[in-house]
Each structure stands twice: as structure tokens, then as C-alpha cells.
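Both complexes below contain chain A, partnered by chain B and then by chain C.
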Partner chain A sequence: MATPMLRWCCPGRRWIFAGIGGGSRHGRGVPTGSTSSGKKGQSSVAQQPLITAQKPRKGEREWAAVVGLEIHAQIASNSKLFSGSQVDFAAPPNSLVSFFDASLPGTLPVLNRRCVEAAVMTGLALDCHINRKSLFDRKHYFYADLPAGYQITQQRLPIAVNGSLAYSVCVGKRWSQMVTRTVGVKQIQLEQDSGKSLHDNLRSQTLIDLNRAEGQLRVDANISVHHPGEPLGVRTEVKNLNSARFLAKAIDYEIQRQISELENGGKILNETRSFDYKLGCTVPMRDKEGKQDYRFMPEPNLPPLLLYDSGSLPTGADPQQVIDIDQLRERLPELPRVTREKLVRQYGMLPEHSFALLNEVGLLEFFQNVIKETRAEPKKVTSWVLNTFLGFLKQQNLAVSESPVTPSALAELLDLLDRKAISSSAAKQVFEELWRSKGKTPAQMVAEKKLELMQDAEALEQLCRSMLEAHPQVVTDVKKGNPRAINKLIGLVRRATLGRADPTVIKEVLERQLSS
Partner chain B sequence: MLGRTLREVSAALKQGQVSPTELCQRCLSLIKKTKFLNAYITVSEEVALKQAEESEKRYKKGLSLGDLDGIPVAVKDNFSTAGIETTCASNMLKGYVPPYNATVVQKLLDQGALLMGKTNLDEFAMGSGSTDGIFGPVKNPWSYSKQYREKRKQKSHGENEDSDWLITGGSSGGSAAAVSAFTCFAALGSDTGGSTRNPAAHCGVVGLKPSYGLVSRHGLIPLVNSMDVPGILTRCVDDAAIVLGILAGHDPKDSTTIQDPVKPFTLPSLTDVSKLCIGIPKEYLTPELSSEVRSLWSKAANLFESEGAKVIEVSLPHTSYSIVCYHVLCTSEVASNMARFDGLEYGHRCDTDVSTEAMYAATRREGFNDVVRERILSGNFFLLKENYENYFVKAQKVRRLIARDFVNVFNSGVDVLLTPTTLSEAVPHTEFIREDNRTRSAQDDIFTQAVNMAGLPAVSVPMALSSQRLPIGLQFIGRAFCDQQLLTVAKWFEKRVQFPVIQLQELMDDCSSIFENEKLASVSLK
Partner chain C sequence: MWARAVWLGLRASAGGRRGFPSKAAHQGSRRVTAELIEHLERLALVDFGSQEAVARLEKAIAFADRLRAVDTDGVEPMESVLEDRCLYLRSDNVVEGNCAEELLQNSHRVVEEYFVAPPGNISWPKLDEKEPFSHR
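Entry: the complex of A and B
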């Protein structure tokens, strides 16, 4: 409880569907091209409300869906939003609970500076207007894991408003068919997190852990459907979605459910639903059926949160007591969009590769470290990092930081490849070895396994000559004009060299010997 | 010795005339003898004696912590005290022992003060009589004073005197009674709508409500966060200033306290009031005001005028809307603040366990009295989405107008406002309970709550005895954060009016030694 949370509201994301009239209502799939692209779909047509995803057949009326997301993101801070308690995932239940967290009478909230800074920086990164003055409110409801009976949030005047986030999304099957879209951010607010309830149905008990709620990211989706040109439909709220995949599934399901309901003459209730990930459908939440009136009220124990910029900073103010937006802007790290543009410009990288490098924590840094140490072409490095390296990580479900292969090792390997000391198939083999046995350098590995390319031209000449002599039939085939026959010879020579000879060089030698 | 002021007894401690333990024991014995007053809910005898022992060691080493070292004090039972039960006079918190000290309590202890106990109040400080708590009403020490009893003997013969005891006012009645009956030298109260000043006026002691934001609320179990202020009850203005000097200042645990450093101060003795401008708000002359209070009020105004001060009539035009507005804001915050009492983490929990909701309902029904439940209900009504604009937001706007009234008056050159504290003197309990809590609070807070809405400092100073020989206090209201100026004026006034000392010897004849020097006690007020 009282874990710092950032809440973003992204309203008015719209999908447009073709309504499907007539028979096949049940069990039909999601209309193609709109939400079917999974999580990217959720905001794919933001700000462009009237694009039909699928042409309606005759007599059918279009449906438009409106989706707003409420994203609860935990702030990476050492202590909670309003108390000095630490934040730690693995801590035993109720071990990180201050008197304030347990809502002992007489305790008061004290705003955590780090959380305010994180909120401002998030606002800046999302191109928001940062409110110089924001307010805190109490939102009341009774729940066992909400010990104060209210939650402190920013309902009336949040810390940041009116932002946007540009992102790219695939429109076709290929990564290269990407378009840039923008989604609006209505507001960012600081909010106290509740505790966690553990229901023991066997003993019909509920246990409360006030350390914090589970999960670093939680999304509530508000969904409604309507016919374009008509007023918006009644919305439902799907709560507590904790992965992008379930979020997309829940939204897809809910849109279809609402359309079916309405087309069958039913009504949509303004209700809270939860997503059953096993059944893949949304169901009404029983304990929140009744209409909630949160009885919002200003939080009297927190004065308005005032922020300054270099122009408005009060003279002689204690730097510990004021927050300067301009200073935070300077501390803002390079935004992903800028980094991606740089990668494309600097390395001639394909845009989709720049996305892939940034989507994995630490991967970009790994890539840059390899680049720094190798003479290999950036394109080669990109390919190795995104295909081979990332492939191994994914296969073993490891994070970049957990990789047994260091950037230096990969750089060295790529150098060997670059100066043709080894073949690319040998390089793959070395990489596998590196992954398995830490501590050895690629050069040691190559020496041990005798994987270096045959640099002795005379030996190769002899090997080729004896191969030609041993296989007269194949030689005849080649001379008859069968173009595949030479490949067989190349394969034989390669096998004889244990893969250490470059196939292009073998081919050259064989062709020369055959024609002489 | 017990009749002395804090400053005097502090001097006596320093000079070794009395030891902290001796002082502590005398207070404890008097607390026992005056148990029938019901001023204390918990007497922390062991803690106090231990603290006295520590204090004594310090004095012996010449390492006194300051003016409060070894001084017996009492704390209203809505301030959290580590290891000592804190009940708010409610079933809800019966048996609740906080794990921490309120900042103000900690500051007193850090100065070496001896905590005698926790004083009685209306449940969760909701009331103006100290009659509506689970431990029963507090009795006004003046009911048993020589002055009052002699007067009553003259008037009515044969009436059962004991059943006709007077209320203390409230909600900090226990603290006011504790100071008035000489069981401690200073007490903490809380003041949301007048809860410190009202009982101070009825019990003939000084009751200070500091500026909002000057003193930390951390650990004070809230009634209305935006109006609550820890209050100080003492036997004279100088003592209140000493305690304020110790309590005031920024607290990192209370974000509404001022950042500016506050230095301890001693009040100057004002000799010349000719540069002073005293405002008399005409709206405070209400028909309900008793003629005695009214005449004392004008007498006080005349006193200032005759000494050369400028006394002018001023207007606070929104005064008449204040009490209704206070009601809306107070109950709304109460509804919110009381939400945490659900029986889960601490406090009372019912036996019902059919469902969480049923448990909440039963716990809260059993834990709160009617007054608290009524306020929760009203407050939740005002906060409903459909009512919020019409009630809460409107009340906030009116609150701003009320605060602006004061600002305008102070901007026009007025230094301090002079008003009555209460409509009349303390009434007998039998009479008081004829009206319900809400009606009583609305009447009794009439002159005091606007100050809370504006966040200003105010102090009630006893002026004289009524014809019934009961204390009547007047209220001074100062500019925000000009508490020192306010107290300086109050001190001048106190010196002029020479309010008589309560005479309790007849009642406590066996402890006449306590008042071994009656003359000194009366002199002390000069």
C-alpha cells in the first residue's frame, strides 16, 4: 500500500469495425487488420476515428469502438509515495509497512520528492503540459486492503495533461511496412497504491498485505462501441489487466461482445468487468456491481504541489523544497524515438531493426559495445545481435544482462569472421561454444576446435586435385554442363577440410582445375 | 506549590525548592482526590514517576533541559502517545495503544515534561460540553469552588448541590479541568471549532489556539484536518507562550506546517497600548449573548480605550453563514477521516464475520456513538457526486469569504480583535443535556469556529466571575502567524483584569497543604 503509482489516462483511442449483420455472429473472429495485430492494435487508429478496417457488406452498418486506457505504473523509487517505507518486491508480507501505510490514526501523508520528479519526467517524455500547480484528492471506498478507507490521488488537477506519444506500427506482414501513429495522453497523475488481498476460500478468510499491490504495471480499459456519426455507446471497464497480451485480448473480446449484444437487441451496462485469461472472456465483477460513488474530496493534509521552472524559481528557495522542471528536462535521458533515428542515420540500419534493438532492455548498450570493439560492418553486427544473440537469449529466456557472452567476445568473434579467419558456419559454432563455456576467448575456441579457415593455398590445391581424381563420374557430369555437379564436389572438399575452407575459394580452385 | 504558574514552578525546580518527584507525587495525589471530576481517562502514574526520576537526575547534575523539565503536564486523549492507551473517548479505540508519539507530545517529553495522563473529551472531539464520551462527562472544578458554592447557598436552600454540577465546555474539557484543578501546569487540547477556547473560558484558564500550520498535527487523531490545531491550556498567558515556543515549528511529518524557522520567545510586558488598534466585530453582538458577557465585553473594550488604545467597531459581514458552512466542511472531513476505523488494523472489531461488509457495519455501529455516526452520515451526504457542488464546494467558497473578512479587517489597521468566547458562563449538566449535541455545538462554537476556518491564532483569557461566581473569558483573535503579538496583548489584558484564583480548599480540605501559600497563588497571576 502507498506504493507510488503513476496513472496515465489515454482516452479516445478508437477502432473502427465493419459491423457484421445477419447470421454468422457467433464464434466469428476478430475483424482483420484492426485489433488483430495484438497490442499494437490498441492505439493504431488513435486520432483517426473514421477509418474502416473492413468494408461492410451491403446492408451492414459500421461499428466504431472507443477505447481509453488507464495505465497504473509503479514508480522506481526507494520509498513509497507518502511514507518513508521502502519499496521491495520480495519482502515478506507486511514487513514494509509504516504507521502511515497501516493508516494509524493521526498519521499524515508526506509527498516523496523522487516520485514527483518521476512524474514530471514522464510528463516531459510524453510531451505533456506540466501543471505548475496540482492538487491531491481523496477517493473513498471501503475495501479490506484500503486501510484508510480512501486512496490519495489527483482527480481534479493532475500533475501533467495533454500529452501524446508517437509510435510505429506494422500495417502489413513485414516489419518494413511500418507507419507512425500518435496517441493522446489525457493526464498523468500521482496515486497511492492499495494493499493486496489474499483470499483463502478454504478457511473463508482474507489476508491483507500492506506492502504493496502486485505487479508493476496494471491497465484498466474502458470500452464502448457505437455507429459512426451517432453518440458514443455505454462503456464498460475491464479492470486489472497485467500484460499487453491480455489487454489486447480483453479489448478484442469486449468489443465483439458489445457488438453482438447490441446487434441482438441487448443493452450494454455501465459496469466493471474482469478478464478471465483462461476462458479468454470478460465477466462482470461481482463485488463491484453496485454503482460506486467515490465521494471525492480535496486531501487537506497535502498543500497544492507547486512546480517551478528556471524563470519562476523563487529566489533564495531551498533547493530541497522546490522542483525545477527545466532542471528535470536536462536530466531526461535521450528518448527512444531520437535514439532510433540516430541508429538509422548512423549505421544505415533498417527502422525495424532500430525498434528491435530498443525493445529489449540492455540490448542497445550491448550492440553499441560490440560496435565499439569490432571492425566488422555495422550491418553484420546488427544481424548477429538481433538474430543469433537475441535468438539464444529468447530460447533460454534470459535477459541481456544474464548473457554468458560478453560484448567483447562477440566483437572478437566478428573480427575473426571479418578477416576471413573463420567461415560463418564456424563462427556460429564458436558462438555456441562461447555460450556454453564461459571464460574462453573466441580465438582460443577456434584454436582448440581447429576451426580456422585453411590458409594454406597449396594444400587446398592438392586436396581439390585428389578429389577430382577420385570422382571421375562427377567431373564428367560437370563437363556435360550439369551446373549442380560442382556443388557436390565443393561439399566433398569442405567435408574433407572439416568445414575450415571457404566454399567460394574451393569453388574457384575447382573451376580452375577443371578448365585447365 | 501546585497553585503556582508553570514559570514559577519551573523557577522553584531550578532553585531546588521542590524536586520533580515531589511535584509529580503531589500532582498524582491531587489527581486521585479529584477523580470525581473525570478529567483524566488514563493516569500514567508509572510513566510520570519514571520521567520525574530522570528529571531529578538531570537537575542534580545541573543539566536541566529547560523551562519544562520536571513540569507535570496532561494531554488530551486524542493525541497519540507511545505505549499509552489513546481512546478518543470512543469504544472504537478502547484498548488502542499507539506505537508512536504525536510530534507535540514528543516535543514536550524532549523538554523533560512529565506526562501525568490522558484527559477526557467528547468522543473524537465532537462536542462542546465534554459530556459525550464513553467515559462519562467531565465536571467543572468551579462547581466545587468556594466562590460558586457560597453564592449558591445564598440563593437556594436545600437543593441537591452535587447533582447540579457544571459542564466544562468542550471538547477539551478534561484538559481544562486538569489545569483548573491544579493537577498539572499545562495541558494539550485540540481546537477545531473552539474546543480549546470554549472549555478554557468555562474553567477560568487560558486557552490558546495557535495559527494553523504553526504547530504540527502529526499524531493528533483528526476531526477536521483543515481546521484542527493542537491547543494549549495554562493558568496564565506567559505559560501558554512558553509551551507554544516549544511546540511551534516545521515538522517534516506534517506538510501543512510552515517552513520558516520559529524561535522560542518570551513575551514582552506591554506598558503602552496607545499604538494598538482593537477591533470589535459588530456581528458578534448576537441576541443569544448573555447580558453579563456582553457587559464584560464592553468593559474590556473600555479598558483598552481608557488606556489609550484605539478601539473601533469592525464588520465581518459573512459571520452569520459561518456556522452552517462549518457544519458542512466539518462533517465532510469527519466522514472521510472516520473511514479508516473498520476494525481491521486496530481498534474495536465486532464478532460478526458473515462478510467483510457486515463486519464493517457492525464494527462501526458498535464503535461510534450517535453523534459520530450522525456526522459521518451528513458528511457522506454532502460529498455525494450529486451534492458536492451544492454543499461542499459552496461551503468552501463561503469559507474563503469568511477568511477574507478577517484579512480585510486586519488590512484596515486592526491589530487584534476582541470578542466573547462563549455566549454565557458554564451551565449545569442537567441544563446542558436538554439540547442535543448538534444544537449545542452550533450555539457554543458561534464565536470560535470562524477563526478555525480562517486559520488564525486566538486565545481565550479569563476576565472575571459572573454573578453566579463562574468564570467568563474573552477571546482575542490575531493576524495569521502573529501569535506572539496576540499573546502580548492578551498578557496585558490578563494583568489588568486580575482574574481571581479558583478556591478549592473547602472541597479538598484534607489537602490544604497543596495550597500552602494561597497568597502566592493569587499573586502569581500578576
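Entry: the complex of A and C
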């Protein structure tokens, strides 16, 4: 036992359902993996307020939903929270289990320093108040994968409380507008994980593996509905949701289910439900009927956990045995919020772009490498990275690390574009080619496919003039005031130049010649 | 509440588990109801097999309630007798594990390298279905 877990809890916030908009769906922002540099804290982020659900029927009052999330995440440590056995995901069953993990009598929990540091850093990153003293408790319940009959957790006085997290969410008719929301983090606590159960229904047995490290991130949602102004309703817990998308679906479904149930005169049971992915609905979990009485009691084998800061460090203390919050704060990597602000300030990009750059693993680094090597404007780079590059990645379901196009290649391409050596449509062509085949530089491809822009201004002028002479009807149309007629001319000139002239330049030349 | 916890010397037939008074039991010295007994038995897997055991429980609770005679207003509860001790912090090194074979020897049934348990939780018989029985 004792794979280290952090658990954050958030109080619910209200969602108002009223007749706003046409009940459009909205995207949800989810805190990114970049919040922790490789370590996983268990965190519970409260829900985001929904903008809308459905129009209330005539005569019916508004409903407000309250959702609290409990997020369980694995801490990236070498050994477990309370024992020195290894943390690893793919090991043979029960091979990473110490005597303590198997709950053999006479074994005692010994707290892992690294896990405490991870918890404190997570708390600092989420703007929590770090409790200088926190306590461990036992939470009792019976289940085959919990050999001790209790789980060591921090229920009374957890390590961090009262934090918040700002995130962005796309709203509006086509998710076009980005707004920033803040969610409260009620608490962060260290706790053991239970073992893994494999249910063998055929032979009516359960196979138990006490290695832990089952799922790196799990979310449970607590959901209730009520009429604004009235007390909170009975809540249900939906357990073990593993993806943001299913979390959203499960919450949506459960809110609607509760509203329907109550509107039809039914009652909501305080129960635990799970989400059926295939049917897209929540269903009661058989084993967990009725409210659990966990009989919390202090963990008798662990004294209070005391944390210090630079001002309160006891003199002459063994540094291995004390934790300095200020030192940990200095070790925090740059938080995403700060990175995003820097990007917006330094490159003049829109906030939503900064979010997009941080939302994909490795994308920010890619972007920065391109910026380093190209003379093109940051805005151009941003646009190419977020639209073209990311578009190709998504289409083929690739990670940034798997990209066939290197930052240098893109930088070179953007340089060509910046020098006006090629047109933007030619650039897109080259990019596609770079994506598909390796070994050639952008310059080589441009040369091979003769995509260079015409540099001979005189020749272009000649071409335009002859085009105008050859199509007097179109010229008349343009002079009559039809703005789109000129596009035909542009198209003709382009074809004549074999795509080697920039349409904007062509347009310029034509317009100039027409007006003279 | 924990400052008033009392170790009850109840003897269940197997495992020697101790039951703890629930919060509800502390509200005044009222009779311990059959409902509460059932709840405690389910939670702690203790067998209050006889009326005598229940009576003993009530006496123990009454004895513990005498703690209320002490005025604890403004006094911080003691959470742990270890409160003055330092919590030892272990370095994050792998020093144990790798003893599956040894551990699995403790198990009545084993499938490959898994412990075998019954499916889910075994449901506890309801109050009216129960009879005085010998504890498992």
C-alpha cells in the first residue's frame, strides 16, 4: 500500500441554467499537464460554470447545479508514500509490494520526503495556504484491495488549503471568444492508494494486485442541483472518470438526470454512480449503496507533519529532516500563467494563442526554436505554428516530438516567405512537401518545383498590361465598379506566371495600370 | 471527540478486533439501539453476539462519558501522543519490495501472482435475517 497520491478537493460552484442562448455546448478548459514538471499531484479542480443548458419550460423555476471535483493523481516519486517499495506502472503483479504495503502486522508507515515536497509544490503552484502543521488520519472501509481495512489520508488537517486556479474556456456561438475563469481549490491532501482489483466474473472471484500505480489521474465528480436561493440538494458522486471529455459528458448527464428526476417528483439518493461510456449515462454502483461511515481517526503511528519556512527553520536541524517551504517555492518551475503572460507581452500574441501553445506538449519549445532561427515576425510564426503546423499534427494524430518537420526547416521556410522569395501559397505547398518527404531543405524544394516568385518587376508589368489588353470586357467590368471582376484578371496573370507571382502584388500592379 | 476515545475490551471471537463507539453513542447516556449495533457490526466486523455484550458496551460508554466532568473549554485537544515527536522523513529510494513469492504464501488462494478474493464485498445479512451465530 502507499502509492503516493495527492487529492485536491474543490467546493462546488453554481451553474445557472436559464434560457440563455440556444443551449449551445461550450468547450471546457482543463488544467494542462504543464502545471507540474513531471510530477503528478492529486488535485481537485472545481468545475467550471456552464453558460447554458436548456430553456426552462413555462412556469418552471431555474435550476442551479453545484459540482465539486476530487482529482486523484500519482506523485512521480521513486518509492511509495509510506514504504520504500518502487512506484512503477508496468511491473508484474505484487512484485513491488513491501511488507507494509501488504499490511502485515507489525509494519509501520514511514513518510517519503519527496512526496511531501511534491504536495507542497503543488499547493504553492495552486496558490494555496500551506498548513505548517498537517495531520494523518485513517479512513476505514472494507474492500479486498485494502488489506489494512483503512487508508491513511489527511482528512482533518491537510497539507494545503484554499487555493485557486485560473483557466480559460471558449464561449460563444462558435467557441470564438476566450474568457478566463477561476476555480477554487478547497484542499490538497496526501493519501495512500488502494490496490488494484481485477474482477473475474466468470469464476466469481477478484484478483488483487497490491502494486498500486494504477491510473495516473482519476477524477470523481460530486454533483447536486437546487433552485437558487434554496439549500443545496442531495449530491451524488460519479467515480473514476478518466478523460476530460467523459468527465464533461458524465457531469452534463447527471445534472440533467437529477433535474428530470426532481421535476417528476422523484428524489435524489446520496449514492455513488459510475459512468457508462458506451451508453453515455451514469449508473448506480452496486457495491456502494448508502452513505459510508468511514470512522475517521488520527493515524496513531504518525506524528503531525511540520513544515517550516526560512524564518522558522529550527537551528542546527538535519536538512534531510526539515522541509523549507521557501526553498521549495524557489524550486518551482515557471508557472504556465507566467509563461503565457510573457508570450503575450513579448510576441504580441492573443491570450488564446498562448493557451494553445501551452496546451500541446512540446509545442512551446518548437515555437521558441523557430523564433530563434527565423527573421520572420513573431505573429507570422505564431500563425504558422498554431494553424498550419498544429493542423498537420492533429490531422495525423502526431505528437510534436513525432513531427517530420523540424523547427529549423520551418524557420528556413518562413525566411523564404519573409524575403518574398516565395508566395504564401507556394510556402504552404512546400510545407506539405516537407511533411511528406524528408531529406530536402525548403530552399531545395523551391528550386526543384520552380516556386520562386518572379523577381522581374518589369516582366510582371508587361504581363499585366498584355492581360488587360486581351480582356477588354473584364476591364470594363472593373471600371464599372464590380470589385470582384479583377479577381478574374489576377487569376489569369497567376496562371500565366505559373503561380510564381504573388497575387497581392499582381492586384497592386493591375489596379495601378487600370487607374492610369 | 478522539480525546474521549475509549478502548473497549470487547472480545469478538476471531481477530480480536476492537470496536469504537460511534459519534452517535456519545449523545447522552441513552440505550444503544439494535440499529446502532447492526451498524457497528457492519463497520467493524465485530460480533456483538449477545445482549450481555451490548450491556457491557453501554456500561463502557457510560464510564467514558464521565470524562465530560472535566472542563475542557479553551483547551486544545490532544490529537496524538506523538505530538512532540518529529515525523521522520525517508529519502525517496527504493529499498524494499520484490518479495511476491513470500507474500503470496500468506494467501489461501492464489492465481498466477494475484491474491484471490471473493467478488466485491460480501453483503451483510440484514437485521431481521440474522440469528445468533458463530462468528466467521
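Note that the second predicted complex is superposed on the first by the 370 of 516 C-alpha atoms of A that agree within 3 Å, B and C clash if a C-alpha of one lies under 4 Å from a C-alpha of the other, contacts with A are read in each partner's own complex, and residues count from 1 in each chain.
Here is the rule we go by: a residue touches a chain if its C-beta (ideal position, glycine included) is under 8 Å from a C-beta of that chain, and two chains touch if they have at least 3 such contacts.
Just so you know, these numbers come straight off a predicted model, no measurement behind them.
Engineer: According to the stated criteria, A:209 is in contact with first (chain B), second (chain C), both, or neither; which is it?
Structural biologist: Touch status of A:209: second partner only.
Engineer: So, does A:138 touch the first partner chain B, the second partner chain C, both, or neither?
Structural biologist: So A:138 only meets chain B here.
Engineer: Give one of first, second, both or neither to describe whether A:103 is in contact with chain B, with chain C, with both, or with none.
Structural biologist: The answer is first: A:103 touches chain B but not chain C.
Engineer: Which holds for A:230: it touches chain B only (first), chain C only (second), both, or neither?
Structural biologist: Neither partner.
Engineer: Identify the partner contact of A:148: answer first if only chain B is touched, second if only chain C is, both if each is, neither if none is.
Structural biologist: The first partner, chain B, only.
Engineer: With both complexes overlaid on chain A, does A:94 touch chain B (first), chain C (second), both or neither?
Structural biologist: Only chain C; A:94 stays clear of chain B.
Engineer: Of chain B and chain C, which one contacts the greater number of residues in chain A?
Structural biologist: After superposition, C is the partner touching more of chain A.
Engineer: Looking at the overlay, does A:79 come into contact with chain B only (first), chain C only (second), both, or neither?
Structural biologist: Only chain C is touched by A:79; chain B is not.
Engineer: Look at A:295 in the shared chain and tell me whether it touches chain B only, chain C only, both, or neither; answer first, second, both or neither.
Structural biologist: Once the two structures are laid over each other on A, A:295 reaches both partners.
Engineer: For chain A, give the residues common to its interface with chain B and its interface with chain C.
Structural biologist: 99, 102, 104, 110-111, 140, 142, 144, 206, 208, 293, 295, 297, 300-303, 321
Engineer: Taking the touch rule as given, give the residues of chain A at its contact with chain C in the complex, in rising order.
Structural biologist: Chain A residues touching chain C: 77-79, 83-86, 92-99, 101-102, 104, 110-116, 135, 140, 142-145, 156, 197-201, 204-210, 286-287, 293, 295, 297-298, 300-306, 320-321, 323.
Engineer: Would you tell me which residues of chain A are touching chain B in their complex?
Structural biologist: Per the stated touch rule, the residues are 99, 102-111, 138, 140, 142, 144, 147-150, 206, 208, 293, 295-297, 300-303, 318, 321.
Engineer: Quick check: in the complex, which residue numbers of chain B touch chain A?
Structural biologist: Listed in rising order, the residues are 79-80, 86, 88, 93, 96, 98-100, 102, 217-222, 224-226, 252-256, 259, 332-333, 335-336, 338-342, 344-346, 356-357, 360, 380, 383-385, 388, 392.
Engineer: Which of the residues in chain C end up touching chain A in this complex?
Structural biologist: 2, 5, 20, 22, 39, 43-45, 79-100, 103-104, 106, 109, 111-121
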